[in-house]
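Structures are listed in the sections that come next.
Next, two complexes with subunit A in common: one pairs it with subunit B, the other with subunit C.
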Partner chain A sequence: MSLETIKPSPGFHNYLPKEYQDLIEDGPFHQKRKVSELGSFKEAIEEHPMCAGCAMTLFIRLVYLGLPSLEHSVIVGTAGCGRLAITQGAVPFIYGNYGDTNCVASGLKRGLDIRFKDTPKDVIVMAGDGGLADIGFHAVMHSWFRKEKFTTIMLDNEVYGNTGGQESGMTQKGMVLKMAPNGKKFEKMDMLGLAKTSGVAYTARISPTNPTKVVNTIRKAVLIAREVGPTYIQAYTSCNIEYAIPTPKVMDDAREVEKDRYGYLEYFSDEAKEYWDKSEADRKKARKAQVK
Partner chain B sequence: MGNVNATPYRVVPGPEGLLPPAATIMGVPLPEEGEGLVEGRITTEEEALEAAATAMLTRKNPTLFPGPMIIWGWNEHTREKAQPFFEVANEIPGVRIIPMPDYRPIYPKIDPEAVINPCHPNLTIWHNKIEACVLIGVHCHYANITLKMIRAGTNCYTIALCAEAGHEDAMASVPNFDAEKVVRFRDALIKVKKNGIKPLYEGTGIIPSGWAQIAKLKGEIPIKPREASIDGEARGAFSHELVTGLDETAE
Partner chain C sequence: MYVVADIDEEICGATKCRLCTQFCPEGNTILYDEVRGTAYVAVDRCKGCEICVGICDDLAKHHAIKMLGINEIVDGFEISKVGFKTTLVESKPE
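The block that comes next holds the complex of A and B.
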């Protein structure tokens, strides 16, 4: 977990597959990359086995871009579509059992803080609505109650997409799915409200329609988690298979859903707001000094 | 060494079938410092190194599989093994070096000439028709999986040069394998050749494997070759669904 881990031992560079040579020479590790540079450098994730047109994959790609320091990050995930792509990323990934991602992340974060006192290490839980709101619900809530300092990102596709279309707690009321033929009888869970009540420092709801906004939100959440406390991002990442969205229309759907019900929403606790305003002011000051 | 060789079970090249028994369950012990393991029998370290050297020199398509703990120079221990590793390679005529840079499952498709992956190491062995290989610098839990899968489905003679306790599931293994022992393995290769073992590919150097490695070792810029296109009916077999979405009402 440092930049040293992507420096080959003497003599090995030429024997590495091209993908690894590119990561070393033109990857996201040594310099911060911007959204406008996407496609012009070797990203932390490229090939993956997700369905064609999957919005979740686009979001995951942006998460990697938003992480403040890839070489000091660990991602924890669980069963579900998302991990098919996340395991391909050039960032350490830990597969928590279904339901215990936030327990694994709690232990990991505490351990890393003891082992690396001088270097901040970021732990990010990234899993689906089933893994976090249903089966992993107790672990998520208790990590928030305990004020564990890591970010939880929910890839909210509003269905169990990987197992054939069962309703999840995050499915919209009335939604008819392949494995929920009578329609869902209960409201979509208010995870943002629960996060706020549990004392989460920063929460955001977002769709992958504006890449820069996604990247900035991820960065904000991870930095606040480092210093203040737990953060939570809920991202609409439609399942074009289970919701029968034609591949070319996936982003149209994301824009529509964002407009209708999933608009950008963020909440800071007082402490998080104070920290963020101060760090932004410091960053602006540093940038001005650099220009001069 | 006493009674440690009591089990009649032998860890020999496969294919052993879908689920080969773990050698440890069959009573194969791990070697101590100064010892080695050859086909499930405790031997001296020297005997194990010589058995490994003979296999690498005489079996088809010998290949070195360096793992993350030697490929990436993230500490002194990993960096110091690099030079003797290449000295070993230079003593095995016709050897290939196919790295295992990390343990990510490589989907949708692995390039078996360029990389080996612990999730499906048999693909690399099959594609390159490898009959002797060395795993070095691979974390033990992944080496265990890899060795079992190779023994299950291939006829490859596996050699595990392990920095920790050694591996029962390899045909030959030596524990606590530091830079000094890598040099000893090089010496063992020289010794068995002197003792009359004739290398199968005598006169050949390291054989580059995979398009990027071939280009890089020639000093050229690697350019990915075009893959053969799929034509006929196979092309677009699923394109209709991908373009239009699934029909929810279809029976």
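The block that comes next holds the complex of A and C.
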């Protein structure tokens, strides 16, 4: 069904851009692709104008690989660096106004559930720390309080990278930036703690140092959001421009920060844990039955 | 003039590690040819960040990737011209 959705009428096939034809012939839609297959299939993300060596770009690329069903997903984003790449993906993208991404996603998810009763549709909010922790903070919190069933992914570069380097709520205390010359005076916001307190079903903190782990975490968050409740992923995606990290050192920085203060962390609510353990056991059983 | 990644296909072909394809921030920029068993670069997409060089040198320890000036690369693969290919074997003239 999925491939059929994007397949054009035969008469139009040759008039479509080469990129679209490639997506139909060798794309990720008709079969689940693994991290080890990267480079051997046409990816959902196209060429985009994000900076060279940006860790956020790598993370976004892996998110597209982690989505359990690309053809039934909608991504909601807002102003910020991330949207430069997300708009070039082969997944519908909705550009929320700054601050209302989680309101848009709430309505969208409820609407999709009414319209498509038999097909699970995934809504994913993917925006920066400014879009979610500062300007979109109230919308994020209320979507969690209301237990809206979608995933929120924060691309945490700890700065407003797109507008010249202002401090955000997620910037580390004491950090001196171009537009924060005296250093930030307050602590980094504890969004993971807030998520836990507001009853989010699954939260994870991750750095893009292990592609397989990123892909598995995204998949887990989206599947839990489908059945249980809101999920939240906070990813360290450094800004090599505002933090003056030479591009060859971007992965070294990610590894250092991961070791220092951004190590892998996940939290399940009781309900989410029960659901996940059961679905994993079912998947294992199905796999064993297939082998036999 | 700008630099792009260039993969030594002889060294890469002997390893089959594929790590650079997983860590490149750009989609479909370091591609993998299943038939020849080696990674190769779409020179029109590479932004020259050198992350792949670090991955190949430090993580994989294969030292197969070097940065080269775009004018030093002969017959570089350009994905915007020919589109995605699962292998370059057929498209290369004999």
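The working rule: the second predicted complex is superposed on the first by the 288 of 292 C-alpha atoms of A that agree within 3 Å, B and C clash if a C-alpha of one lies under 4 Å from a C-alpha of the other, contacts with A are read in each partner's own complex, and residues count from 1 in each chain.
The rule we apply is simple: a contact is a pair of C-beta atoms (placed from the backbone, for glycine too) under 8 Å apart; a residue touches a chain by one contact, two chains touch by 3 or more.
Keep in mind it's a predicted model, so treat the numbers as computed, not measured.
Asks: What is the contact status of A:Pro248 with respect to subunit B (first) and subunit C (second): first, second, both, or neither?
Replies: both
Asks: Please work out whether A:Gln21 is in contact with subunit B alone, subunit C alone, both, or neither, and reply first, second, both or neither.
Replies: It touches subunit B and subunit C both.
Asks: Would you check which partner chain A:Thr5 touches, where first means subunit B only, second means subunit C only, and both and neither mean what they say?
Replies: first
Asks: Figure out whether A:Gly53 sits in contact with subunit B (first) or subunit C (second), or with both, or with neither.
Replies: In the superposed model, A:Gly53 contacts both subunit B and subunit C.
Asks: For A:Lys185 in the superposed arrangement: first (subunit B), second (subunit C), both or neither?
Replies: neither
Asks: Touching A:Lys288 in the superposition: subunit B (first), subunit C (second), both, neither?
Replies: Neither partner.
Asks: Can you pull the subunit A residues that subunit B and subunit C both touch?
Replies: Comparing the two interfaces on subunit A, one with subunit B and one with subunit C, the shared residues are 18, 21, 47, 52-53, 247-249.
Asks: Inside the complex, what are the residues of subunit A that reach subunit C?
Replies: 18-19, 21-22, 26, 35-36, 38-47, 50-55, 57-58, 61, 64, 211, 247-252
Asks: Which residues of subunit B touch subunit A once you look at their complex with the stated criterion?
Replies: Subunit B reaches subunit A through residues 66, 70-75, 78-79, 81-83, 85-86, 97, 99, 101, 104-108, 111, 114-115, 210-213, 216-217, 222, 224, 242-248.
Asks: Inside the complex, what are the residues of subunit C that reach subunit A?
Replies: Per the touch definition, subunit C meets subunit A at residues 18, 21-28, 30-32, 34, 39, 45, 47-51, 53-55, 80, 83-84, 86.
Asks: Give the list of subunit A residues in touch with subunit B in this complex.
Replies: 2, 4-18, 20-21, 47-49, 52-53, 84, 87-90, 93, 178, 240-241, 244-249
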